[in-house]
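For reference, the structure I am asking about is given below.
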């Protein structure tokens, strides 16, 4: 008997890399692919596992891995979210000791390689831009399903239409006011869906993803910016304005600084032409914007690295 | 006027890399170094910055960077925690619009290079083992100070004294029971200090760190393990048992699988000698253990990568 | 006086990250960007620098960095290759002690963000697919100019039309013959240009790059493959066949294994649908193919990591 | 029949991660571990594999992987070099079409965890400092065996005793002369052994490694430096002076810049106390020093990243 308290705990197999091929057409020669990295976390009655090593309540992480692969065959992969919902519901419903399951998915997307001699049936080049993400949490006791979609590693830049001035000056301030600067960031975004959308079997997750991504990019490009915070807010509000089933948006935006190089020592004028792209240190701007009356659900404690 | 709600938000300069040299002895020839990566996050009244780009309430991230470097000179770096406490208190007290500050520190440690011809005064080799971490949060309104110390990237292995069996079998289970296996993990640990310890100016953070680290390693080595969960719990309890000012321990332990290679096709018997060290997928075991009657404060949502 | 011999040596500033904006149109509102990582290596008469610390022959690495930024302003960045040629010639001609200069460039490319309300003037999203590379070596004594273009991190996959069988079987062989497998690789390619092309001021490096890239991708997609070696050779030969100014192609192709998951324990048939994408270990296939009568120049000793 | 020429080519399984446990003592309770990453590259008569996909001459990369694991059982792992020599000789001697084999090994080293309650038999913590490397090349036609040992990721720093001045000034030079600076670098070193040593079955590779490492560290610490080139040369010469079986040393030394932070704007004097540790760009100093009369063999074309 332990005198200390076991609080939040969870376990499962992380980073199950899975590629699912679906053959289409009469002859099955047209291939569709989904390329995922699936992580499973189970929560429940696991005190004995921790206190005595009695594994009677422990579904092995290896089994959770097998389940991921078997489900891809049995149910297909309609989308990261749909696949995650299936898995989360399964784990909770299959074992009474599992009270909650969280599935996290990363998706890597591919373009087709144009092939002069035949249709683009089965040749792909990895897109390599953003990674799509999804986090699905299903609780057996409350029956609550929470879906947070997202993306990461989407790097964007405005080479003008960005200023920064009027800020607080204290003893340690040396920054000059800027009236025309580069604004660049590597977007990590997560957005929570309304329960109605998340619970609907026919919700089109891929279409929703495409829309959110487009509105965020457009807002980034169209906002004349006086701070990265303002751009963050504009991106989040644009999504809420145009995507009625999204309730909440959280953005983590490292300010990828581009410093104007001083060319005067060489007798040259740098008219906003030559920049040094810095790695570290970087500003890091984070924020959540949600629909009025909605309870925010996206974790805020993640520490994002540029 | 926005129709949506700006919820949790913060900003600051992340990953300020700083090396602080302190000269000791009569001639200052004996050097001590602290090598830190310091991140600043400020929380407060920043709605206007987000909604209109009015930066009147915005202390630039560049200023927070300058402050880190200036404070290293003005106040020295006694420890990651002490340095973070100074910075967190400063930001909150210096600007009324800043209600809360969070400082995160990574520390990289160095050994001295033995020099045959003179004392080991100023030559160092980076230790390269774990990274020490600290997270300090200070709230101006409540006056509350929270200190979470930690470490990451500490890889440990028991080459025997680990079993795993008696687990649930379902339709998707293929794992064989194991009665002698390698148990290896890359430890990410965080532990919260009691308010009394955190608020005491003379608390010895370096000594506390050394003790927690030692007890965790010893518990890992001494625990005959029936599950990584059991080992996690033993490590956390050992710290709580021996370090009275620590109230809570959270561990994130990826199971770094070492699979026995099947050598039978080559007419060889593999008597627990030759293992394949796998990268992905991996089990991920996470848990918090705290002292009875204490409210846990360590965020549980971080997603740790092996 | 040293009794040992100083052989090959070089130095310079590595990884100068530079973003160059060029304004076009009557009002300069249309922006073009080039985003480069430029490394400089100088070779020459540097024995005294090594033996006594006499820096009289040493052009500081800091100066080589300044030169990169100043040249971007003075000469623009027409292409990675053209920019590298300018820099290499400059270093060798400006200091007699510098006998040879090698410039290495990585280029990160960007797409324009579609903006509904105005032309796509100055908003960009990083493409994030392959990194374009160039290595320019100019020798003052011989006057020889060598240009090796390339790319890396281009991940491609054929989800069928790949077999592997008929191989050697020895005591340690357990691999089953495969008659329909996924073939995936992350391409690192380098190709050397004929001296005539490299020395011509009006050679269109961007057009050349686009052509080589297209022919490699098409050859990858169109080749019915019996080994990754065969695919490598087909990709290289396709480039030599269609790009007359390319003399030599070297490819480093890690075999990104996709293993068919065994679903039989779950009563399921895996008809080439569900794959496990492995990280390590991986096959690594490397080779150089060159035009007959040409002396190969591309270094073969690089060790490529998947 | 191809009209182009297949030049240098090689293939094999890369990055085979292997952990070998050896049990010692009467009861086998004392465990020794070697933790390796082994890569195999085979060279030989592989034209048909490339031109027609006829795999009759192809020993599968999967077989080379199996051989690595089987050899660890059959022959043990005395050292990275000894293990690599066994493997290289095996591949060349076992298949006539394989003319040359190159084995590359990375070794990760472990310390024992002190255990209060029993001997330190089987509990380890990964050292995490440098990675030890070895590259073994065996040619069947010449019978030549080449062994290059090395290390990487060994970060060292002198916090004083480093100057840099007297260098060339040209139009682009702005660097100030420095009379007391931090000198820090991340050492990548490779050293070639004389054929006699490499071919001797009883050569003590572990002892040789320890000696070379110690002499390099001592030379780094003891050299009062006027340039990183001078330090490089001193490190290489020290090894050649003290290790008679080493014929050649190559060092790749990124200059990990530590810039003194300007604290004057805050009314503070920075007396070489507070430094900013920069990531990129960095000076990169590379050089080979060899014993007089010896032909250098270490490849110089590797591009080292800081």
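Which chain is which? They are A, B, C and D, in the order written, and residues in each are numbered from 1.
One rule holds for everything that comes next: a contact is a pair of C-beta atoms (placed from the backbone, for glycine too) under 8 Å apart; a residue touches a chain by one contact, two chains touch by 3 or more.
Fair warning: this is a prediction, and the values are worked out from it, not measured in the lab.
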Chain separated most widely from chain D, comparing mean CA positions: A
Between the pairs A-D and C-D, the one where more C-beta pairs touch: C-D
Interface numbering overlap (same over half, different under half) for chain A and chain B: same
Centre-to-centre distance between chain D and chain B (centres being mean Cα positions), rounded to whole Å: 30
Whole-Å gap between the CA centroids of chain A and chain D: 38
Distance from the mean Cα position of chain D to that of chain C, given in whole angstrom: 24
Touching two or more other chains - residues of chain D: 16-17, 66, 70, 172, 174, 265-266, 279-280
Residue numbers on chain C that touch chain B, as the complex places them: 171-172, 174, 265-266, 279-280
Touch list for chain B against partner chain A, complex: 2-17, 39, 41, 46, 49-63, 65-67, 70, 94-95, 104, 164-168, 170, 172-175, 225-230, 232-233, 236-237, 240, 248, 254-255, 280-292, 296, 299-303, 305-306
Chain A-facing residues of chain C, complex: 16-23, 31, 33, 35, 66, 69-70, 72-74, 110, 113-118, 120, 122-130, 153-161, 182, 217-218, 220-222, 258, 261, 263, 265-266, 268, 270, 272-279
